[in-house]
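Take a look at the structure set out below.
Read from first to last, the chains carry the letters A, B, C and D; within each, the first residue is number 1.
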Amino acid sequence: MSSLDTIPVTAEVASGNVKPLLHEVRHALKRLANGEDGTVIDLQSIPLAPGEEARIEELLGKGEVRAELDALGPSVVQETSYPGVWLVTHSNTEQVVVGRFIEVTHMPELLKSQQADIEHAISRLEHELES
Amino acid sequence: MRKNQSLGEYLQGQGVSRRGFLKFCSATASMMALPPSALAQVAEALANARRPSVIWLSFQECTGCTESLTRSHAPTVESLIFDAISLDYHHTLQAAAGHGAEAARMAAMEENAGEYLLVVDGSIPVGNPAYSTIAGISNLDMLKETAANAFAIIAVGTCAAFGGLPHADPNPTGAVAVSDIITDKPIINVSGCPPIPVVITGVLAHFLTFGAIPELDALGRPAAFFGQNIHDRCYRRPFYERGQFAETFDDEGARKGWCLYKLGCKGPTTYNACATLKWNEGTSFPIQSGHGCIGCSEPDFWDKGGFYNPISAGMWGSRDALLGAAAAGAALGVGSALAARRRQKKAQGTEI
Amino acid sequence: MTLLDFARGPGLQWSLIIMIVGLCWRVIGVFLGRWRKDLSRPRSDDLVQGGLRAIITRSAPAPELEKNIRFQHYTGYIWHIGFFMTVLLYEPHIAFFKSILGFGWPGLPSHLVVIPAAITLAVLVMLMIRRMTHSVMRMITRTDDYLSLIIIISTLVTGLMAYAHMGPRYETMLALHFISVELLFIWIPFSKLAHMFFWLLSRYRIGTFFERKGVKA
Amino acid sequence: MNVTSTAIDQLQEELGALAARAKPTDMPDEERVARAKHVFVKRISMGLAMNLESCIDCGMCAEVCHFYMATRDPRFAPVRKFEPVRRFYRRELTPLRWFNRLFVKDINVDDLKESQELVYDACTACGRCDMVCPMGIGISETVHLMRESLAAAGLIPEELRAVDQEQREKGTVLGVGPDQFRKVVQELAAEGIAIPVDKEQADILVLSSALNIRLFRQSVAGTAKIMNKLGADWTMSSRCFDASNFGYLSGDYPAEKTVTLRIIDAAKACGASRVIVPECGHAYVALRWHGANMLGERPPFRTMAISEFIGREIEAGRLRVKEIGNGKSVTFHDSCRLVRHGGLLTEPRIALRALGLDLKEMESRGRTAICCGGGEGSNYISKAEPLRQRAFEIKMREVDDTSADSLVTSCDSCRYNFMTKGAKANWNHPVESLVELVANNLAD
């Protein structure tokens, strides 16, 4: 695709939405610190210019925790350099991103073992022990 | 997926964990343009959802809508939505042909009377029904017959929703939209040429999740996707505000990604979700690729005075009419001046 | 046909036709009226120059008159300048002119054009209130004056609302804006708004009239 | 002062009684309207049409009108004074008349009657509004057209009508005829001032006015002294000495034409190359600007105001005056007719400067001078007196603001107005005539 790359398109583009988004994150963090509920922001619902999603990722940085899970395709849960702010990326089995969320919470819900799965686990384990 | 199984059971049967299901739900909620906070509600509804029957009719269309849908993210989370519905008739996708296909349609209609979803793409020629027939049945008859017992109709694509390209002036086939014929059923218009695939699946997901049709705008389109115009959500909007416009497709402004308003972008009058959902797995959308929005999700978008004329420009044929108007005005001016002069001349000779 | 299609298509076409017919009719009709030659010996040799000079000099009053008419004079300037800045320097407007004239010109950033538009609107509302309250203005104001003001104000209000995406949906607002402008087009030849042409002619005429007497008008 | 207060009192009394002398001009209302409209049809030319097309109702004209400034009465907005013309024009003559007829009301006799006060009492057609109108509308000429239509409709105010009728029918004004003129000539001859009367051939025909003969005979004397000093070949006509034109003042077009043509004939008869109009603004306008148009061709002489003549002669060095300044300051009142409708801005000032006087100009002077409120025959209309007095006081204040020792003017109507209105306001500022000032200070 070198012929396309040679077209000199400069992306000095800004939607003006990056800053407001970060402010929203700040407010969500404050609420979380005050013991209120966490917040989930769907990045797909926000108009972003090319490159801005990467910029947000860069601004948020990488924190201590990174978890990968494999459920209907890989998902990555990355704590950002701001504890309490998580970046959750869902991909399908074809590695295509199908959803991207900023979660402001102590721990993304998805990381916890789910009640239904735990119950299923009990029966599976029992089944294992019986046999 | 068996008919009476719930979606939750089905997915569990497929070995999908609760985690996987939640991930599926959050992607689906995002797809339906629901806020993330609705996740729990969506999860619960989806877990208990029953598999609906869907009949898909294609009339005067180009199959672009079907292409848009099937060529998009296969196999993806959306494909699960498709797995979750029973597509009982779709003449492009189904294996059956001829009488067998029609029989499948009749069977689905009978078995799920009052409950099945009818999806239509393409417009219906009413000028002469013979312009488009399937199995010897005119589109008009087939639509009426199939719609009679449908729960709701999803008009996919601008042709089905508003008449689309076949309806463009001078509309040789007398093409009309579904809503021009069917007036007693809920109709969801998923317009676009083609519609964004995620929007099609999003509407199906909504129906699957809530068993009801989503909130619609004045043109019968799901408000969640068509509630805002492209311009309002366009990342190039700041250039519009700053008055930085590309004047041609190869100028400095075009290269710098400036606003395409002057090149005929119909973003301000076009309601769709392209600017956020984007196309080709979220890669881009027309404006991001350097071409103005052509307004394909709006009625009569072919007849808005040209794709490359700005919306603030007039839509009309010639300036000759104005020259004619000037000539007519001048003639009237001369005439009225002469009449006034004659009257004044007559008055001159008098004493006072 | 949607409202916007009507406004951009036949509405625009017919309003322009009516405007051009009316203006040609009126201006040419007046111009071809009875000319009366003044036989008196002019004090000045160059009446034409006097006429041309008056076109310019009438743009500002003598200082001893200025103090009496300061309000009308400056508000008049402000809103005329603001109005023409808005009309001529807003990019979508330039695109409109380009579609009719075949050429365009550079404009101003949209958010800057809002400023003159808003000022113009404020001044016009003020002038309208003055017309309704000031004793002289009430006495000399005719329906023409109110209609002209209302039509111009409506072009500004609809334009600003469309710009700010206020009120009904954008395309409806844009259509209303088009329609208000078309009303303006139609109204120009029949109203005092035709002064946009007559000001030149009548200033020139008063210039020659007084130049003949050796007075700088 | 050479004007006796008894003469002024006598004249004022006589003016007060004028109304009773006016012959009625009764006619049916329909005829009044028809005659007024006829005048409109006849007179409206392209130039006037421009005045009637361009108005934007901005109201600026009111703000500079001395009648509005003095009273704040909105009815006196200048542009409103010719509203009937405008309405008639919009209904009957403008190119879009068929459209306007749907909205514009026809004029009726009440409109005309209402206009009488507006155009005779509350307007001197001074033209200050002409100078401010951003559209360049000739308001004063259009108001004068209103006067013409009212005159045709028999609606001239009684006092003015009485004088107009007298001049049209007897050729005299306020009883001043050839006999009174000759008497003054004889009196002046006795004082050693010779006036060549009724010469068959003369280079310059000098005119006077009834007001001069009645009140300001020193002005006649001064003119004679100047002409004699110059050694000019001049004459005055006993048959046609009066330049005042009450046809013009009252809007009686046929009468104006008669008076003007009489003067032109007299000038032609003696082969004059110049006709000198006395210190009278309206007489100057009538002859200088209307004369040729009344005649239908340019007459074979030049018309000059006496102030214009004096200024030119001084400038050319033919007339020399004494420097009498000695720090004495004067201010000059520009008559609206002479300066704004006549262009005589510099000539009188040349004379004042030659006299070595310290000229302190008023704020409004030259083309924007404020009218004294005495023009256009207005001094004759008694019911307008209080209104005119208020308008005059604006002028009075401008004069006071200059703190000049005396006021000079070159229009007898203005002078008379300053004297009478000033007296009423206990304002006893000296008012001098330019001609008299020059004539009394001729260099040897």
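Everything that follows uses one rule, which is that contacts are C-beta pairs under 8 Å (C-beta built on N, C-alpha and C of every residue); 3 or more make two chains touch, one makes a residue touch a chain.
None of the values given here were measured: they were computed from a predicted structure.
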item	value
Result of counting contacting C-beta pairs for B-D and C-D, higher pair	C-D
Core chain by centroid distance, with centroids computed from Cα atoms only	C
Between chain D and chain A, distance of the C-alpha-averaged centres to the nearest whole Å	93
Centroid distance [mean C-alpha coordinates] between chain D and chain C, Å	38
Euclidean distance of C-alpha centroids - chain B vs chain D, Å	80
For chain A paired with chain B, centre-to-centre distance based on mean C-alpha positions, whole Å	31
Residues of chain B engaged with two or more neighbouring chains	332-333, 336-337, 340, 344
Numbers and ranges of chain A residues touching at least 2 other chains	none
Residue numbers of chain D (touch at least two other chains)	44, 93, 95-96
Contact graph of the chains (line, ring, star, complete, other)	other
Every chain pair meeting the contact rule	A-B, B-C, B-D, C-D
Sites on chain B touched by chain C in the complex	229, 231-232, 240-245, 261-262, 268-269, 299-300, 303-305, 309-316, 319, 321-322, 324-326, 328-330, 332-334, 336-338, 340-341, 344-345
Sites on chain D touched by chain C in the complex	44-47, 49-51, 53-60, 62-64, 68-69, 72, 74-75, 77, 79-80, 93-96, 99, 103, 128, 130-138, 141, 288-293, 295-298, 302, 339-345, 363-364, 367-368
Chain C residues within the chain D interface of the complex	22, 25-26, 28-31, 33-36, 38-41, 43, 54, 58-59, 61-62, 64-65, 68-69, 72-73, 76, 134-145, 189-190, 192, 194-195, 198-199, 201-207, 209-210, 213-217
In the complex with chain B, residue positions of chain C that touch it	1-2, 4-5, 8-10, 12-13, 16-18, 20-34, 91-93, 95-96, 98-100, 107-113, 165, 169-171, 174
Residues of chain A that touch chain B when the two form their complex	8-17, 40-42, 44-50, 52, 69, 71-73, 75, 90, 92-94, 96-99, 101, 109-110, 114-117, 120
